[in-house]
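Both complexes below contain chain A, partnered by chain B and then by chain C.
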Partner chain A sequence: MDKCLCAQNIYKSYKDNCVLSGLNLTLEPGKIYGLLGRNGAGKTTLLGVLTAQNRLDSGSVTYGGEPVWENRRALDDICFSRELSGANLSGQNTFKISFYLKAASMFYKHWDGEYAEKLLEEFHLDPDKQICKLSKGQMSMVTIVLGLASRAPLTIFDEPVSGLDVVMRERFYRLLLDDYAETGRTFVVSTHIIEEAAGAFEEVIFLDGGRIIEKAPTEELISQFAYISGLEREVQKAAAGLQVLNRSSIGARTVYAVRGVKPGFRPDADVDVTPMNLQKVFVTMCGHGEEM
Partner chain B sequence: MKALCKYMCFTYLKYYVGSLFALGAAAALLNLLFPAGFFQSYFEGFSIYSLVMALIATTLLTGSWFNVALSMGARRRDYFIAMQLSIIVGVAASMVLIYAMQFISEHAFSKYGYDFMFNPGMAPHTVIAVFAAQLVGCLCTVAGMWKKWLSVAVCVVYMMLAVTVLLVQMTALEGIFWFSLPWILSGVELLFAAGAEFIVLRYMNRAVVR
Partner chain C sequence: MKLDLSDQALIYMQIAQMLEDDILRGAYREDEQVPSTNELARAYNINPATAAKGINLLVADGILYKRRGIGMFVAAGAGEAIRSKRREAFAEKYVTPLLQEGAALGLSRDDIIEMIRSKGESENG
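And now, the complex of A and B:
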């Protein structure tokens, strides 16, 4: 339970497209991490590489000091619950939910069958239903069942809430937090629906340009960012000494997105200071000026 | 490894051996119910059907079943070894059933003169054919990921070769063909199998979950 997953200087390309470029990451045990990145940022590739489901071009991934690749001891402790699809290598994914559950019971060393049954009931899933006949949300529910019931010390979810309605998304995060409170195992959740998940993430990881551009405790990170708005001259004065990440104008007012704000920040200027939420922080850092 | 052996029983062996037994039972039952010979070919050609089924059943071994196992943390080399073991079990099950069908043919249908496509004296050829068929089935999926037509081509070429082997071995002891011909053809099948094994192993070692 107290093993770290470490990725050191990892590179991964698909033909000429470099997806991961000298990436370093350490996942400490007993935390819930949120992995955030834009479409095509390489989140799934990174998670695949961390769990030996995808090959590295160079670099190393270790778990408890041992390489993850083809290592039984490491793989026994890791569950990467991937997004399911209605199509597989053989055409339509005609496997039933029960097939996945049975396979999971064979491969996941810490598998909790009773918990899986309970989750199936909670999500109203029929185990005899084929994957290709499920809705996108129901497929997500299956991946949630597999991930949670795996009871793996390191459990990774790739887009677990995609296709889920807001009620089910809330239920997922409640289940995740309940499980975390009970077992203290490590979770990594990649998602695009940031704001709803922000409260569950102890730390967030921003992936951009093939590298980790930020890894920090969620609250600590958010507290460093703010919008300063007002007349241009006043805003400039207030932002002195802060890192200005973005500038925009709304009529006569200028808005700066800044980083480096200290708790209780009150500038000596006629400006409004608005705190950011995690989604805004993400957009500011990874939006490349496209949006503020 | 234990988990993978269980997984193979739950997936490949269940489907392959199960469908073989179902086919055998259906062929025997149909011939008992309609002894006039209407379903004679189902019975006589059982060894060819088992080849076809071996080819079909194994396509998932390097396809979806492999993908699911890998996504749940199975090791590539363990999967490859478990796959080899299950292929051996599959060959054994095929042979047991072919012998059983031949026995039934001789005893239940001898008066109709069924010409069962299996020559016990040349059983090694059938073993090689079924063994190679399973590996070629695995190869077809791998080839299909690269080029679809290649998958079909491999399948067709192998089936033509294997059926020729089975037909030749039936009559080999009667001296119609040059006696070494079945062995030469089986040698070609083994080369096919070795090539398939090499390509499948290479694919598995580099496989990525999709």
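And now, the complex of A and C:
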């Protein structure tokens, strides 16, 4: 339970496309991490290599100091609940939900069948239904059931809420937090729906350009950022000594997105200071100017 | 019931502020128990670590105290501690923006003082 997952200098390419390039990451036990990255940033690839489902080109991934690759002891503790697909190599995915549960019960050492049953009921899922007959939201629910009921000390969800409506998304985070309060196990959740998840994440991880560009306690990170707006001269004065990540203007009003703000920031200039939320921080850091 | 926090302020600060407001309102009296970290986390769908941070802020200010294995309780003199803390922040939080906005509108100090006086009288009377 008290083991770290540690990726050191990992590289992974698909043909000419270098997805992960010299990435370092340490996941400490007992936290809920949010993994955020834009489309194609390599989130799923990263999660795949962290859990030894995809092979690395170079670098190392260890759990409790042992390599994870083909290491049963490490993998007993790790669950990566991938997105399901209605199609597979042979055509439609005609396996039933119950088949996935059976497989999971054999594969995951800490599997909790009773909990899985309870979750199926909660989501109104019929175990006899075939995967290809499920809606996108129901497929997401199956991955959530598999991940939660795995009871794995390190459980990873890839876009668990992507197909869910807003009510079910809230229910997912509620279930996650309930389970976390009970077990204190480690979770990693990747998502594009940032703001409503922000409160659940103790730490956030930003993946961009094949590397981790930020990993920090969520609120500590957010509090460093702000928008400063007003007349350009005043904004410049207020932003002195701060890192300016983005400049924009509308009419005579200039807006700087800045980092390095201290608590109680009150610049000696005629400007407005507006805090950012996690989504704005993410766009500011990973938008690369495309946001304007 | 789903409770909502604004996304404008840091969540743990909002948690601390809400508990303070409830203590000032008399919802929790001295030596009464306040909701636990897990209860707060559940009510607001937030990470327990964040809720704990809000609670710890109040412990550091002497507003809550911990009874090992039981929970968090309102300290003696908590109401007064909150009031004196907020009085100290009052000028910065309310008076400074008031003067700034007044200056931008061309109101003199005397204009503003007069407004406060007449507003105060109409609210009291």
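The criterion applied here is as follows: the second predicted complex is superposed on the first by the 291 of 292 C-alpha atoms of A that agree within 3 Å, B and C clash if a C-alpha of one lies under 4 Å from a C-alpha of the other, contacts with A are read in each partner's own complex, and residues count from 1 in each chain.
Here, a residue touches a chain if its C-beta (ideal position, glycine included) is under 8 Å from a C-beta of that chain, and two chains touch if they have at least 3 such contacts.
The model shown is predicted, which means the values in this text are computed figures rather than measured ones.
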Going by the contact rule set out at the top, does A:180 touch chain B (first), chain C (second), both, or neither? second
Please indicate which partner A:115 is in contact with in the superposed arrangement: first for chain B, second for chain C, both, or neither. neither
Just chain B (first), just chain C (second), both, or neither: which does A:201 touch? second
Who does A:170 touch here: chain B (first), chain C (second), both, or neither? second
Answer with first, second, both or neither: which of chain B and chain C does A:54 touch in the superposed model? first
Examine A:82 and indicate which partner it touches, taking first as chain B and second as chain C; both and neither are also allowed. first
Who does A:222 touch here: chain B (first), chain C (second), both, or neither? second
Determine where on chain A the residues touched by chain B overlap those touched by chain C, and list them. none
List of chain A residues in touch with chain C within their complex: 31-32, 170, 173-174, 177-178, 180-181, 195, 198-202, 218-219, 222-223, 275, 277
Mind pulling up the chain B residues that touch chain A in the complex? 3-4, 6-7, 10, 59-60, 63-64, 67-77, 141, 145, 206, 208-210
Would you mind writing out the residues of chain A in touch with chain B in their complex? 48, 51, 53-55, 70, 72, 75-76, 78-80, 82, 88-90, 93, 95, 99-100, 102-104, 106-108
Would you mind writing out the residues of chain C in touch with chain A in their complex? 2, 5, 7-12, 38, 41-42, 44-50, 53
